[in-house]
């Protein structure tokens, strides 16, 4: 199936920059155009990760539900970023809730379709992994840096001359 | 600063009575005369009223973590300046361990601040060449081109200096390799060299300033003989020779500044930290260590506040405290800070080394850590000696 | 030569003596942070350069270094934002309008605001690190036509910890500057970004070849900010940081604030990154 224009939407997204037309057309075969209103859930934790999203517009919050508290936003994602790598990682379930903070437009790629194509073409698979891995690394770095809690009020200052 | 006179002043000589007269004369002129004296089995600095207060017949034995006074065995003929260095230097007079900076009085919801302006007028008797260099180092610290410490400037400005050249070096001395001694070259009002081997103890006197010349006119003195001058030169040469490494003496490695700045990260820091107790003795006895902390106090009524400045040491954990914690948590970091500042960063800050080679930090270190050996270890690890 | 004593010049004024200021207004910014406006008891303006700091004294309690956070173009009132982190800051915080505070300063180096004319200016602030940058933001916005893009990247712990909230809202509403805010973590009511401040830098909005960056925040944050700026093409000769060390005298006499061969009180607090690069990544300097 070929949906007119989806390969163009993919081509415009920084994640797919540099892919040739044939590959984009191949990937577009797994793609769908999506729109989420502010507050809509794009994915729910523990549900099947059957989609991979590239965000074209808007912002998305990754949230963890904590009983008795408001959901904690661990990261927000924005135009030009990707949403989700659970589709690559067995058992293919979402770890967090993904909720549209504002009106969000995205292209989704069907996970089964995409996995099949990457399995069939390991060069394409490697190329895609080379693009996903830096995103994973940078989000891990961000999480680690925030673990430092660097803006926290200094501890143990009582009685100090400051 | 100090400009030499056009023509070299003639070299004079005085005897012990002349030295006694010099002390009386300075006291008469309103100076508080500070010099070496024996207290608690050590030569220390304190008020001296005459030659009788000086440490006659004592010599000192110094090594890493070791200090002893030893009688020179010459009885009445014993040298007055046969020791090398007093345990603590002149820093405690020019930059006292505790100084009140100001006092403030509460007046309604405001306050009135009063500066501290009393400053004693000192005459220092027995300043060694390395210590003279140390005083010049402090001069740069407290007049740094942007700010001047008024208290230091007042104390220093009124000081009369009688230097004494060294006729022997302690085992911890290394001024020759720092180019700061053993002979006082400048910055004194009068400089003495004790000729202790002559039958009647005499001093060769060099005049370094008009104030020095004026004081000399008031005391019995005469021209130095050629033999006196030669003996004085021999005494200084003896001290220089004793510091030669080849002869078992002590030397600072060449380019210590470069060695330290190139080895900010080095396994030796952990090794020296394993020995260092972090006690700060080295900073207390160092004639150039200037670091201080501030303390504010109030009286019981809460209406009078004072700000005091007291010596501090970069070896304390609190020294580098910023809200939340100390920057230099490890002893290795603190030792590195001290020695790198002293031998390297000091050049960039003040255009001179912060070390004058007096060796006090070696003597008074409880575990005998040796600044020259630490620098040498780093230098040798670079493949040079 | 009259005497061997050097002619150390006696200073005109004693730099150890505080000048007395009157507290005019105190505003609570955050649970532990407040801003006060003070005026000299002896009248007259207080001139300073953005990035400089003052030593503030509470009667009988002590003295602390606090950066100036007001407008250099409005020298009649001196503004300080202070976080309570010990006995002195707590005593200063307890002062009421009409009370007296001691001030010595201004001290230290400044953000090179004039030298940045013609360039894009990127402010990277973390936590209360926005306070020492604010005077530079004021000065640049008062001279707006001489600069390219003006971008503020501000990272905070949570939305509740954002300093100068109303001002941030005003800045966000302006067309001639861009203000991006990100917090380490938030709950669902926060509609803004969550992540680290370095992510904002990656988002761009400035000419990488001609941008000058002014960075102020916790040392860890500055370390990563500098690295990210470098990756984005803003080289160390165009990055300025404000360093923090223990300062007791602010005159170069007490030795506490030494950072390698420099004294943060005189050679800093604002450094060009390439000047301190060698030490910046060494532990416990």
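Each chain carries a letter (A, B and C) given by its place in the written order, and its residues are counted from 1.
One rule holds for everything that comes next: contacts are C-beta pairs under 8 Å (C-beta built on N, C-alpha and C of every residue); 3 or more make two chains touch, one makes a residue touch a chain.
Note that the structure is a prediction, hence the values are computed from the model and not measured.
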{"item": "Most contacted chain pair (by C-beta pair count)", "value": "B-C"}
{"item": "Innermost chain, taking as reference the mean of every protein Cα atom displayed", "value": "C"}
{"item": "Mean-CA-position distance for chain B and chain A (Å)", "value": "67"}
{"item": "Distance from chain C to chain B - Cα centre to Cα centre, in angstrom", "value": "39"}
{"item": "Rounded Å distance between chain A and chain C, as computed from the means of their C-alpha atoms", "value": "36"}
{"item": "Chain A, residues touching no fewer than two other chains", "value": "154, 157, 160, 162"}
{"item": "Multi-chain contact sites of chain C, meaning residues that touch two or more partners", "value": "62, 83, 85-86"}
{"item": "Where chain B touches two or more other chains at once, by residue number", "value": "321-324"}
{"item": "Chain B contact footprint on chain C (complex, rising order)", "value": "1-11, 14-18, 20, 22, 41, 57, 59-63, 83, 85-86, 98-100, 102, 244-246, 248-249, 251-256, 258, 260-263, 266, 279, 282-285"}
{"item": "Interfacial residue positions of chain B with respect to chain A in the complex", "value": "321-325"}
{"item": "Chain C partner contacts - residues on chain A that touch it in the complex", "value": "59, 61, 63, 69-76, 78, 101-102, 138, 141-142, 145-146, 148-154, 157-162"}
{"item": "Parts of chain A lying in touch with chain B, wherever the complex brings them together", "value": "154-157, 160, 162"}
{"item": "Contact set on chain B toward chain C in their complex", "value": "1-5, 101-102, 104, 106, 109-111, 113, 115, 136, 139, 141-144, 146-154, 156-161, 187-189, 208-212, 264-265, 290-298, 302, 305, 307, 309, 312, 314, 319-324, 327-330, 333, 337, 341, 344-345, 348-349"}
